[in-house]
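What follows is a set of structures for review.
Both of the next two complexes hold chain A, though its partner changes from chain B to chain C.
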Partner chain A sequence: MKITDFDCIIVGAGPSGLKAARILKDCGHKICLLEKEEVPGGKLNTWHELFPHNESAPAILNQMISDLESNIITSIKIRTITRVANNFSVTDQEENEYRAPALLIATGFKPFDARIKEEYGYGIYDNVITSVDLEQMFRSNSFSTITGKMPEKVAFIHCVGSRDIKVGSEFCSANCCITGIKQAIELKKIYPSLNITCLYMDLRLGGRLYEYCYKTAQIDYKVQFVRGRLSETNENPDKTIVLRYEDTLAGRPAKITVDLVVLLVGMQPDHSILGLLPDIDRQVGRDGFFGTGKIENSYKNAEDGLFFAGSCTSPKSVTQSTDEAADVAFRINSWLNKKLKTETTLLNDRVWIQHS
Partner chain B sequence: MTKKDTIPIVWREYQKEIAEDHYYYVRSCIRQNFFPGAEDVFIKIISKDLGKDIYHDIEHTTCTGIGYHVDLVKMETTMTVIARQFALMTEAGYKNLLVSCVTSFGLYNEILDIWKENPEVEDKVREYLYKATRKTFNIPENLVHSSDLIYKYKDQIAAKSLYRLINRETGEPLRVIDHIGCHYAKMFPEKGIGGAEYPQVLTGLVKSLGGKTIDYPERRMCCGFGFRQYFLKSARGYSLSCGYKKFKAMEPYKPDFIITNCPGCNFFFDRWQYVISDMKGETYGQDGNGIPALTYEEVAALCLGYDPWELGLQMHQTAVEPVLEKLGIKYTPADKYKGYSGMRLDKPKIPELLKAY
Partner chain C sequence: MTEFGFSIHEDLMIDQDKRSPIWEAVLEKVPSVATCISCGSCSATCISSDQTGYGFRKLIVLLRNGKYKQLEKALEYCQFCGKCSLVCPRGINTRKAILEMKKYLKVHPHDTI
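And then the complex of A and B:
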């Protein structure tokens, strides 16, 4: 058991944790970056290329880690988070204690568990995979159906676990549309003869260059976009998948058979740390994400030294996560400076009183 | 990637509550006419083989389900009739309602849900019932379909079974198509075992008895009964098309038989194979046979060693003999067309294409 003091403890060494750590370190603060996995990087370890520029995720991660030039404490299972005087005290599985006045939660999101949307057959039919599984296939260069056959037809299903009251996720995950488009283009680049159909509810392409990617997918890569809601998947004897959907523009039921189905899973709030946080009800919005998302409340949060950044506060892309992390890091910096200055003044006051 | 599993994650945690004993039994209108032996053997299995208390009341009537679904009976009337069944159950001193028909089961659930959402409707129905019959009622504490009960006691049934759903010649599990009536869980998935997408109610029974169910592309589609499709003569083509689509989808999987939990579905799987064979010249079983369509209690009873002809399996238009052979069940072919008293009844006209025995 060891007690170490810091200026700020950051929980989660994903893109936002890494970014905030670097800025706080550059500002001269002593930071402690804790990660539950064996390696830092969070979900960046899962992705192959990032939209919209198709940058390599491993390369970006390596860059972020080397930029930090600081130690990341990995394989940490946080046991408790308590307040001791003006500090947060975080203990891990080996009962090491980390203390700091500021605590930044950057625990990220978890992908929607597609097994809950049972009618889509994930976890039941072999050739129904998720966008996360597809990224792993890209990374290991192992794109194929379960029988080892090269698919000829692939369908992407948008909004799986997003905007769906039935599974308790009413919000839009904001990143799945562009992920699907990015993955479709990636697939067509490697296998130009592949026939790709995307079944979408709406296409929400609000980010920079997203619309351009969408057009490119249609014009240059001939990806088919069908406004359709999937009702169920079924498996044929040859393990191909039948999709029954409603073409919502034509207003009629329709059916296609494909070799592989990719479910574009939404982003869910990861509540694994929630039970440890003080005053939990105040920390979570009605959508389950941390914080309230209001500007004024973000500053109020700063009064108690607890901060949130990244995709734990709402569904975000890597760029948006790191942008928020930078903003929060600068706020932590001002807060720490103000706090340290106040404490020094108080100390001096006491010294002065003592001398009188 | 997650491990493949046939039971979806949500249904591993949630299981419908099924009372242990003491049921007030309400019958199906059509089942007693189509397959009277099935209704009869269900009561035998529950009361004799399993030793449970099951009360059948000659006073109860139709639930009006068919009339309701074809817009002949008003909702208020349906609700009052169902309130009367509850009143009879209350008078008999029972708290658990056991429903034999899938459509009735759906309708009871629907009405209980309406009353839960709109208590003023329940008050109104109590008033109607009191004016008409001077009866009052309690809401059932537990409402189950008869297939739920067989599911609950499937392992006891399997333990007592003389036959397993295993092909006697090959030693392989029989390949079974399970078909759940639409009104069983499609309206209220939580009221069925395993929900509406991957229902476990029949799969569980088949598994316990040693068989294997097949997940095929049209698994969840209607059998073709779909009241409006069948009862309106002008729409009857839809009914046949549905059946045709189902048979075409299940054919490549070479199923040994179909198991159903709905009286209507069983009748239509059974009858449409005969009609389609005459209309289109196609049969879907092996060697010119059809795919036998059995109800869940017929399957349970066959495994328990009941005589197929006592069970009334001769009432099926698609011959059941291929299944009896595969199971290795001893039966006397000559007794097939004997009446209950032993008197020889006439043999029905044999269809041109579909094999009959």
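And then the complex of A and C:
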């Protein structure tokens, strides 16, 4: 058991935690980056390539970690978070105590548990997998059906666990459409003879170059896009899957038999941080994500020293997460500078802080 | 009237300038119908859509566009099993909406509107 003092404690060493840590460190603050997993990186450890440029996720992660040049405290289970005087006090499973005036929550998201959407057959039929499982297959180079056969027909199902009142998440996860298109292209690159159909309600491709990916999938990779939401799946004796949906543009009920179904699961807020500090619990919005989502002025912070960044505040891509983390990091910097009454000197456009 | 020896095809244009009184009536009774995103889950799961080609999504399209004659015919196929309400991602009370359409058309047959 030991007590250490910092300027800012960051919970979660995913893309946003790493980015915020680097900026705060560059600004001269003493940061403490806590991660519950054994390795830093959050969900970047799960993905293979990132949309829209198909950059390697492990390479980006390594870059972020080496940029930080600082110690990340991993395998931490936070026991308590309390406010002691003007500080947050965080204790872990080994009774170590971390203290800082600022606390940044960057706990990210968790993928939607597709088992809840029972009629889609995840966890029931072997050849129904999720987009997260497919990323694992890409990483381990083990793409196949459960019987080991190479699939000929694959269907991607959009909006699984998004925009669905029946599973209690009415928001759009914003990143599944482009993930599906990215994965379809990746598959076609490796297996050009594969037949891929995407079942969508709306394609929400709002990010930069996303529409270009969509066109590439249509023109270069001949991915078929069918407008209709999957209604139910059934398994044939040979383990192929029959999908029933309405082709809403034809206005007819339709079915398709495929070897493998990929469910593009949505992003759910990760609530494992809740129940520790009432100030955090109060910041949960009606969609389950943290914070208000409003444009904050640069000196404002939600709850006296408490900040949120990354995909814990809304579904975000890696780029959007790190952008928000950068913004919040500068806000924390301004707030700390006021709070710590430190002497700041502008030197060649960089801010150097000397603690008194 | 002069007989030209041919007839003009039925006008297929949807006239959005015309009001749709049944749509307004149903909307008042079942406000959730306004949230339909035309995903087609209802039609795909409908027990009579295979044979009839109609599902709840299509009823809403007909209703909004004032195609009441077709709507009246389509409504006859509904068996009120409620599967459409089970799958609807927007949680629309589809059975209530269909019942309201039927009730309205019973009081005001389509050719009187």
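In the analysis below, the second predicted complex is superposed on the first by the 332 of 356 C-alpha atoms of A that agree within 3 Å, B and C clash if a C-alpha of one lies under 4 Å from a C-alpha of the other, contacts with A are read in each partner's own complex, and residues count from 1 in each chain.
Everything that follows uses one rule, which is that contacts are C-beta pairs under 8 Å (C-beta built on N, C-alpha and C of every residue); 3 or more make two chains touch, one makes a residue touch a chain.
Keep in mind that this is a model prediction, so the values were computed, not measured.
Undergrad: Quick check on the superposition: with chain A as the shared anchor, is it clash or fit for chain B versus chain C?
TA: In the superposition, chain B and chain C stay clear of each other.
Undergrad: For A:5, using the defined touch cut-off, is the partner it touches chain B, chain C, both, or neither? Pick first, second, both or neither.
TA: In the superposed model, A:5 contacts neither chain B nor chain C.
Undergrad: Quick one: is A:232 in contact with chain B, with chain C, with both, or with neither? Answer first, second, both or neither.
TA: A:232 contacts both chain B and chain C.
Undergrad: Touch check for A:254: first (chain B), second (chain C), both, or neither?
TA: second
Undergrad: Of the two partners chain B and chain C, indicate the one touching more residues belonging to chain A.
TA: Counted on chain A, the partner with more touching residues turns out to be C.
Undergrad: Quick one: classify A:94 as touching chain B (first), chain C (second), both or neither.
TA: The answer is neither, since A:94 touches no partner chain.
Undergrad: Look at A:246 in the shared chain and tell me whether it touches chain B only, chain C only, both, or neither; answer first, second, both or neither.
TA: It touches chain C, and chain B stays clear.
Undergrad: Once the shared chain is lined up, is A:166 touching chain B (first), chain C (second), both, or neither of them?
TA: second
Undergrad: Which of the two partners, first being chain B and second being chain C, lies in contact with A:129: first, second, both, or neither?
TA: After superposition on chain A, A:129 lies in contact with chain B alone.
Undergrad: Pick one for A:119: touches chain B only (first), chain C only (second), both, or neither.
TA: It touches chain B and chain C both.
Undergrad: Measuring by CA atoms in the overlay, how small does the chain B-chain C distance get, in Å?
TA: Superposed on chain A, the two chains' closest C-alpha atoms are separated by 5 Å.
Undergrad: Which chain A residues lie in the overlap of the chain B contact set and the chain C contact set?
TA: On chain A, the residues that contact chain B in one structure and chain C in the other are 119, 232.
Undergrad: If we count contacts the way the header does, which residues on chain B are in touch with chain A in the complex?
TA: It is residues 1-6, 8-11, 195, 197-198, 215-220, 252-253 of chain B that touch chain A.
Undergrad: Quick one: which bits of chain A touch chain C in the complex? Just the residue numbers, please.
TA: Per the stated touch rule, the residues are 119, 159, 163-166, 201-202, 227-232, 244-248, 251-254.
Undergrad: What residues of chain C sit close enough to touch chain A in their complex?
TA: Against chain A, chain C makes touches at 37-46, 49-50, 53, 55, 57-58, 86-91.
Undergrad: Mind pulling up the chain A residues that touch chain B in the complex?
TA: 113, 115-116, 118-119, 122-124, 126, 129, 133, 136, 232, 234-237, 242
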